[in-house]
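Same chain, two partners: chain A is paired with chain B first, then with chain C.
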Partner chain A sequence: MSVVIEAKELSKWFGEVVAVNNLDVTIESGVTGLLGPNGAGKSTFIKLAMGLYGPSRGTIKVFGQSPRNNMDVLRRIGYCPEFDRFPDNTTGFEFVYWLNRFYGLTGGEATRRAEEACERVKMTDRMDDLIETYSRGMRQRIKIAQALAPAPELLFLDEPMAGLDPEGREELFALIRALGEEGRAVIVSSHILYEIERVTSYMVLLHNGCILARGKVHDVRELMDEHPLAVTVECRSPRALAAHFAGDDTTLSIEFDNGRVTVRTRDPNGFFDKLNRLITENAAEVTSFACADADLQSVFQYLVR
Partner chain B sequence: MNEGHETAQKSAIEKAPYMRFLGASMHHALVTTLRRKRTILAGVIALLPVVIPLLLTVFTEGAFGQEGNKLFVMLVEDIYVKALLPLLAMFFGTMLIGEDVESQTIPYLLTRPFPRSALVLGRFAAYMIIATALVLPGIFLTFAACTALGSFSFSPANLRLMLHYDGALIMGLMGYGAFCMWLGAFFKRPIIVGVTTLFGWQRLAFFVPGLIDFFTIEKYVTALLPPLAEARETPTLRTALAEFQKQQFLIGAAKSVAALCIITAAMIAITVFVVRWREYSQAKAMES
Partner chain C sequence: MPIYEQTYRAYEGKTLRGFRWWVMVKQELRVLFATRPFLYLLIVAVIHVSFRVFQITVYDMVSMANQSAALMALRNIAMMQVDERTFFDFLRIQSPLVFLVTLFAGSGMICNDFSDNLIEIYFSKPLTRLDYIAGKIVTLVLVGAILTAIPDILLVVLHNLLAPGRETLRETYWIPFSILAFSACIVLPCVLGILASSALFSSQRYAGIAVFMLLFGDSALGSALPGLVRNPNFSVLSLPMAINRMGETLFNQPKKTFPLHWGWSALVIALVCAAAYWALASRIRRAERAS
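Take a look at the complex of A and B:
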């Protein structure tokens, strides 16, 4: 596998805030997960790699070149940002089309690629509607479409699962794995370990701008396994849902609170597989679920110790 | 999402010619600006002076009637040049780059392999097309409405006068627009800085003794206006106009055109530099 990104003693600070601190990392083609809690420096690292920021110290090279204002590098990159912002009064198709034109594509080619990208993220039916009318999940899909449209060699997906429903997440997991199998380099950031595990076996764990661990997810997972994960599920019948998990050896505790149930588990993979199945079967009428950030934070603190 | 879709092209996109980027930038800016409600509002504002001669035609008569020539010159010089020109430039110029900064969508543009100069020049060209298309019909309709007041007609001399004003206004739109585009790219609140500069500083500079008014754009725009425009049809005055212009404004028309071209080029170059080097998401990153 070839080296796609190489950072040496890379630091970035904003005033007195150090966002990325002395990173030495190389990232190769295939799918790489950037994992870390909010404020860990994931997005800043991606923006440094995209050339949106210049390093305060050290160097970062993408395809062997500095990415800042480097058109040769940008031509090979796609970027799905974490922010949920779009131009006003624009349809999903126009959004992707115009961003294609800014790659230097002709009108016809930009149209063809925009249609393909919308089809790939299953937005063909709604691509002619204004983005203002989209749900959060649809907006996320159209952001991914604009990143995929130019068929980049390197793709940055910053928190791509945010706002997607369980079905959408599964589709995106499959898409990311397929992109990796095509030989593209895909960098996916998330603050949820489970999401990273679903798409790659290689990850970089960031905390407070520093690399805490990197390597095979399995190895990092083992470090974390001793620490349980808490997941809060909001549903119509919390007790019925809890009954599905109560008998598991890996379930440490179950708490009820006002229509919600919080399950602490030692096996997040098994837990999410079962939860997804229950949601698909509509067995528990789940309206939402979330990993408690505080818990992930405590996992990191556990690793820091 | 369709994982079974045909394998995407592996190869990177090939380098496109500069003019294609420039065309895409201009086309995009034209399409998005023409959809804005503020463009319709700007069009209405640009046509407001037309109402004045029409109202005067209906409501005044006899010895109290306004002469068309005087009214046309007054409307163009006092309303179009001094008020509408900077207002329209601020209206559109600040949003050329500033709107993407304000709405935080600029990273989409800056992560494209898009020459920054093509982005800025394309948008500036779109602004010039739209602003000119809004102002020139307003001038023509004002001219036509003033002919209804008497002592003013579609004579060749008067049409030349109107074309002279058209030229001056286009130069003004250019200078003010480039300045406002830079404001939009550089400042967080470009409208506040624009109002302070164009309606505060420019007014003040004309009251301060000395040559401080040379640090305003209005100085060069007004120097392009035809002196004694109300009496231009008097042949004996025409020969003295060029010299008089120099005495009145301390700067000739040719030098004013050159000054406005230099201001425009400098502002565009600075805007390109700002767009290339500014880290637009920094404020957000600091907040997080």
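Take a look at the complex of A and C:
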């Protein structure tokens, strides 16, 4: 494994706000999860690594070079931002195509790669439609397509799962894992541990701009095993749904509240696998679900206790 | 199990190192020409060009037919006469349209990129800040040229084609250079001012209003000040007057605007361009923001 990103005593502040604080981290090829709650410094770290921001202190090197205004580095990077806005009067294909052209690809090559990227994110059918007609999940896919299209060696995906439906998430998990297996370096940021766990075994845990934990997800997970995850599910028959989880040893408690059921579990992976299955089978007519403590704040409170 | 190369691999695409801004120009032009109001404004410009084509055609046909009586009659109608003043007037009359079209096309060009966070996505690509600025400027300059220099030079060519001969050539060979210079005087301050405003304001509407108010205020100042201090030379502080003065010089026209040397007008135009470029470039350089 080769070192792709190397940060030493890296800090970035905006006025009095310290976004990244004295980070020492090396990231190698393969998939790396960047985990932390909102405001942890994930996006700032990504922007520092792309040279969009200059460090306030310390250094960051990508492929052994400073990324700031470095076209040789930027040529090897793909970036899927977390924002969800696009230019008007532009189709998905055009968006991917024109951004491809900035990499110096010829018209024909940019077209071929844009089509391939749209195919890879399963947007071929809709790529010639205007982006304003897309659903949030489709817009997310087209953002990922523009990052994939130039076949970058290093890919930054900032909250890529936001807005995707369960099926889309599963497809994206598979895509990210495949990119890592191809030998690319993929950095995925999220504030949901479960999402990171699905794509990589290595993660960097950020909190208030500092590294809180780093290493195998499993190791971090063990630290958190005693910390239960609360998931609130809204469905037509909450009692029927609860019955599926009531017998599990890992279920700590089940609460009902006005058509909703909140399950506290010590095994989020097992819980979500089972919930996905139930949704697919339409066993409990689930309309929505959310992690009650998905922002990791409670996890951090536990970790820093 | 496949074994993958884990070291850095060479970039596969062909590189356009010096011309990345050109990609931005093509992208922006594509978006503009797909916008209906922009096309309507261009159609308005075509009406004026059509009139000038008619004027030159009639004048040249009459002069080539040696119909001296008709020619004399035409020369008495200032509007139908063809000389350097024709090409100067064409640009002068086009200048408000240039302002409107570039204001429409350019006022949202940068602020929308900021509000849509596209600036972030652009600079995550191998695109320098200079490429970005150059792309935006060249796009609007091309739009300006479509309305000014290109049709006016084509009118000179038409004049030479309809009235071929050394006499016409001797009278008009210098006009394309004057057209280019005067077009630059009209288009550049307009483009840079509008882009600077677009970079400084958060919305297209505010950017447009700011440019409009600035131009209005400047024109009012340029009109009022000479009367107040009883010196017509203070009109040079009005950008439209300074531009007009440059046109008079470039096309050998009598000094109707103000008698001050044209160098002062050139200085005012250059200062406006420099200030606008500085505001634009420094805003783009300061594109870092806390997210």
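Just so we're on the same page, the second predicted complex is superposed on the first by the 302 of 305 C-alpha atoms of A that agree within 3 Å, B and C clash if a C-alpha of one lies under 4 Å from a C-alpha of the other, contacts with A are read in each partner's own complex, and residues count from 1 in each chain.
Here is the rule we use: a contact is a pair of C-beta atoms (placed from the backbone, for glycine too) under 8 Å apart; a residue touches a chain by one contact, two chains touch by 3 or more.
Remember, it's a predicted structure, so these values are computed and weren't measured experimentally.
Colleague: Could you tell me whether chain B and chain C fit or clash when both sit on chain A in the superposition?
Modeller: When both complexes are placed onto chain A, chain B and chain C end up clashing with one another.
Colleague: In the superposed arrangement, does A:S29 touch chain B (first), chain C (second), both or neither?
Modeller: second
Colleague: A:S2 in the overlay: touching chain B, chain C, both, or neither? Say first, second, both or neither.
Modeller: Once the two structures are laid over each other on A, A:S2 reaches chain C alone.
Colleague: Look at A:P37 in the shared chain and tell me whether it touches chain B only, chain C only, both, or neither; answer first, second, both or neither.
Modeller: So A:P37 meets neither chain B nor chain C here.
Colleague: A:K122 in the overlay: touching chain B, chain C, both, or neither? Say first, second, both or neither.
Modeller: first
Colleague: Considering only the touch criterion stated at the top, classify A:P268 as touching first (chain B), second (chain C), both, or neither.
Modeller: In the superposed model, A:P268 contacts neither chain B nor chain C.
Colleague: Regarding the shared-chain residue A:L99, is it in contact with chain B (first), chain C (second), both, or neither?
Modeller: Both chain B and chain C are touched by A:L99.
Colleague: Going by the contact rule stated at the top, is it chain B or chain C that touches a larger number of residues on chain A?
Modeller: The partner making contact with more of chain A's residues is B.
Colleague: Applying the document's definition of touch, where does A:A178 land relative to chain B and chain C: first, second, both, or neither?
Modeller: In the superposition, A:A178 contacts chain B only.
Colleague: Quick one: classify A:P238 as touching chain B (first), chain C (second), both or neither.
Modeller: neither
Colleague: Going by the contact rule set out at the top, does A:P87 touch chain B (first), chain C (second), both, or neither?
Modeller: both
Colleague: Under the contact rule defined above, give the chain A residues that sit at the interface with chain B and also at the interface with chain C.
Modeller: Touching chain B in the first complex and chain C in the second, residues 14-15, 17, 19, 43-44, 47, 50-54, 69, 71, 74-77, 79, 81, 83, 85-90, 98-99, 101-106, 146, 150-151, 153, 182-183 of chain A appear in both lists.
Colleague: Over in the complex, which chain C residues touch chain A? Could you list them?
Modeller: 4-9, 11-17, 20, 23-24, 26-27, 30-31, 34-35, 112, 115-118, 120-129, 287-291
Colleague: Contact residues on chain A for chain C in the complex?
Modeller: Listed in rising order, the residues of chain A that touch chain C are 1-2, 14-15, 17, 19, 29, 43-44, 47, 50-54, 63, 69, 71, 74-77, 79, 81, 83, 85-90, 94, 98-99, 101-106, 109, 146, 150-151, 153, 156, 181-183.
Colleague: For the complex, give me every residue of chain B touching chain A.
Modeller: For this pair, the touching residues of chain B are 1-3, 5, 7-17, 20-21, 24-25, 27-28, 32, 35-36, 100, 103-105, 107-116, 276-277, 279-282, 284-286, 288.
Colleague: Provide the residue numbers of chain A that touch chain B in the complex, in ascending order.
Modeller: 14-15, 17, 19, 38-39, 43-44, 47, 50-54, 69, 71-72, 74-77, 79, 81, 83, 85-90, 98-99, 101-106, 116, 119-122, 141, 144, 146, 148, 150-153, 168, 171-172, 174-175, 177-179, 182-184
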